[in-house]
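Common to both upcoming complexes is chain A, partnered first by chain B, then by chain C.
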Partner chain A sequence: MSNVNVLEELKLVLKPDLPERRMVCAEETDTSKADIILSFYMWYVFNKTDSPVCMVGIRDTYGHYQNVGLKFHYNLLLMTNKKRFTFIESVMTVGRLVECAQNLLEQHPVGNVYMIVDDISALLFLGEKLEEIIGFLMFTKRHQRLYLVFGCWKHKFDETAKRLTSAASHLADIRVSLAPLVTGFSNSATGTMRITSNESIYQIEDVSYLYKLFDNGLTLSLNSKTVR
Partner chain B sequence: MSFILQSHTISQRKNLKLKGTKTSVAKNQILISTGIVSLDAVLDGGIPIGTVTLVEEENYGRNADLITKHFIAEGVVCDHSILIADIEKKPETIANDLPKLIQEESFQPTGVVEDFKIAWRYSQNPIYDSKPHQTSISFGHTFDMSAKISTDELQNIKYWPNVQSQSTSYSHLLEFINKVITTDGFSTKIPVEQRHVLRITINNLFSPIWDSNDMDIVKFLYKLRILIRSSYATCLITTRAQIINNIIKCRIEHFVDTVLILKPMELSSCADYNGKLIIGKLASFNTFLYEPSCVDWATKLTRKKLCIEKLHLPPCLNDDENNENIQNKQLCASTTSRLNF
Partner chain C sequence: MDVYDSIIRGTQPNRLIIIEDSFLAKGQFILHLISENRKSHDIHVLCFEHLVSQYQKLFPSLSNIHYYDCMTNILSSTLSMYETVTNIIAQSTKNVVILIDSLSMYLLGTDFRNVYKEVLEITSLEKVPNVVQLVAVIHEDVTEKHYTEHLKNICKTYIHVQNTNNPLVLNLRLEHKRSNGKCVVQKLKGELKSDCTFKLINDLLPQTIEEEKGIPKNLASFKLDLQENEKKAKEELVLPYTLVQNASNIGGIIHYIPDEADDWDEEDPDDDLEI
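Showing the complex of A and B:
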């Protein structure tokens, strides 16, 4: 399964073109990373839309996402030269995040804009309050043109991080939970990816995949799918 | 402008030809050796430049200290610049206790094994090697712990704290590292004619002696990682796991790139090994992959070398059978004692 096939399959499940899926929360548990989900959304925006993207790299650098993006068939340098991509690094306060969002909306007064934050929980560890981070998420929800994709990390020992992740995933329109295998290691799977979306108040769609990471991409295999 | 410089240097990193490094094309990383060849293989080639590695040791072992010394010794041999930071003892004492380089053992594939006389049925079985599989030619060196590098060979080493250090705080160390990186040409943002590699070791992080009033350890690691990311430097940090509470430990592990956990060997039947090595995570810098291929590693310490091998548990014998055998032996011993005369 090539990377493009995997991305197309993810597109069918995540449905990023739906206007009611403006906020995406990628939950990371323990050592799992949300890079694949963030990269998927960047692939979608650059290849299927003409919207601009502003990425806030709190945890990783531009170079890392550029290299990862090349594996997913998009070039951040090219997009930067086309004025479709901006990268902001070393953001350590919620105020700065709000400023980035406001600048993005002002620079592109028409059409949808995308903001990607790689690890919002890092702000909590750097001293920001949980209420302020949630306040930022509420702020982005109020702006109809702003699409937010963010990663949020949690660990079984860190109660504060768990609270933030629960609150953030509750606010999000769609949640992608990445977790390592609980029972140990496997050659055929790196971890589980669970995609939960609320189609309506009466219908919650839950799709679970086993994903396997390689140096140059990933493979998915369907684990289960429920609609309740 | 900084991201343009960064991506430009990443694409040109392969052509940099930094001494004592090798390029991992699959992962888009430039790797340096830890100084222990078997540990390089466990880490899938070595430690990537621009990353922070954390070594946690439990129960007052000495393997973390040995890994640090090998890491520094490798840097000395490869002419890398070194910065040693230690708050519990003088960093100069570490530099005076580095293992000496010995000639590398050339890898010779095992030839035809001489015929088995008794277990001839097993002569066709493949020979199983407990050492980690080396995917390419190892670029690290081998060191002898029973001999020491002479102090004359030690060049380009900086120590912290030094005479000019005014405090022993995290912020002060970060400031010192930043100064070394920017003034000595290790930053990727500042073009220089000739690039070199900087190896940083920080020992006994989270020791009670550190002054954490102006900056806590989590913020320190976050800022350190950002600094290391935009430089031709690698940082190896050691800490004692039992003095860190679980919440701080998981946050620290979240902010570093590679986590190695050293535990004592609990099984008395594995007396050959002196400890276990668990890979918490591998650096996913410039790549997706961060999971180790195997987790069952053990450390083996001899007089001269520290090496990492795959942990093989001995066969589990039935306890009842053992007791029966012991009792039988005792009975036999009582009837055939030489003292019975």
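Showing the complex of A and C:
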């Protein structure tokens, strides 16, 4: 299965075109990383829409995401030259995040805009309070044109980080939970990807995949699916 | 006693209900069911977690349901929960039911002691008699356990929503405090249906209502509790004065034979009374 096929399959499940799915939480557990989900959304926005993307790299650098992007069939440098992509580093406060969002909305007064934050839980370790990070998420919810995709690390020993991840999951429209295999390492799978969304109280989608990361891409195999 | 039914239908007074849920076992459906069964009240939903427009899709489209945007605003201050409720009361003429989704989000930005005090004030019969019920959702994966325990201590009914392997099937554990001080526990299992109902699954053993806090035994030299045969005899006892109130049991009749000197009047002496 080529990377594009995998991304097209993910698109059918994640449904990024739905206006009800403006806030996406990619939950990381243990050694799993949300890069594949962040990259999926960047692939979708660059290839399927005309919207701009502002990425805030709190944990990783521009170079890292450029390398990942090339494997997922998009070029960040090219997008930067086309004025469709901005990368912001050295954001260490919630106030700066809010500023980035406000600038993005002001610079593009029409149409949807995308903001991607690679790891909001890192702000906790930079001294920001849990309630302020949640305040930023609520700020983005109030702006209908702003789509937010963010990673959040669920540290198994840090109760505050766990609570932040849970609160972010409750606020988000869709949560993608990535975790390594419980039983240990495997040649055929890197980990599990569980996609949960609540369209309404009585409409729940819960899809679980086994995913395998290669040097050049990603494969998925369906684990379980509940859709109502 | 079917605790679940009495809570949903609102058949008994219950000023504070706490619903503890989690991301994979959401308790919002209980708010939905309660709102459908309070049509004679004004229902006010304090929206702490999502936009009002999202809640309007979650709840039934009834004219007695009103929504308030209580999400934290990072750029300006927001009213406290108590201030929002007092503003609601000032404009409401009917009895009021307050639904909060979720108290966990409010607790993130407010000191617990203030929230505790606000909950006590809102559910106080003296301060806010119009508010007949407060139902709040708390997320067990967001709020610290000891805060939930403190709130559980002051509520009349506590409902714990638990997930199963199927995201549409949920376990409920209800703990209800009766007015006589006893606590009743009920465990249920049900499925969320697409027609906005929660269908109880009957393949489980029918409710396991147990009285957790009964009369203590072995505390005195005389017996305080009743055994089953004694309870049955008590229920079957018919007190003598109840017979009189039952018209079908009149056994006596008075026969009056007037004397020759009696002035027997066929007319009703009370006929002139306008009764």
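Everything that follows uses one rule, which is that the second predicted complex is superposed on the first by the 227 of 228 C-alpha atoms of A that agree within 3 Å, B and C clash if a C-alpha of one lies under 4 Å from a C-alpha of the other, contacts with A are read in each partner's own complex, and residues count from 1 in each chain.
Going forward, a residue touches a chain if its C-beta (ideal position, glycine included) is under 8 Å from a C-beta of that chain, and two chains touch if they have at least 3 such contacts.
None of these values were measured; they are calculated from a predicted model.
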| item | value |
| --- | --- |
| Fit or clash between chain C and chain B when superposed on chain A | fit |
| Chain B, chain C and vertex chain A (Cα centres) - angle in steps of 10° | 120 |
| Touching partner for A:L77 - first (chain B), second (chain C), both, neither | first |
| First (chain B), second (chain C), both or neither touched by A:M138 | second |
| Superposed model, chain A: greater residue contact from chain B or chain C | B |
| Shortest CA-CA distance in Å separating chain B from chain C in the superposed model | 17 |
| Parts of chain A lying in touch with chain B, wherever the complex brings them together | 31, 33, 35-36, 59-64, 66-68, 71, 76-77, 80, 87, 89-90, 122, 125-127, 153, 155, 157-161, 180, 185, 190, 213-218 |
| Residue ranges of chain B in contact with chain A within the complex | 2-4, 6-7, 10, 26-28, 218-219, 222, 226, 229-230, 246-247, 249-251, 254-255, 280-281, 284-292, 294-295 |
| Sites on chain C touched by chain A in the complex | 22-24, 26, 28-29, 32, 49-51, 57-58, 71-75, 102, 104-105, 108-109, 139, 141-142, 144, 166-168, 192-196 |
| Touching residues (chain side chain A, partner chain C) in the complex | 94, 98, 130-132, 134-136, 138-139, 141-142, 162-163, 166-167, 169-171, 175, 196, 198, 200-204, 206, 226, 228 |
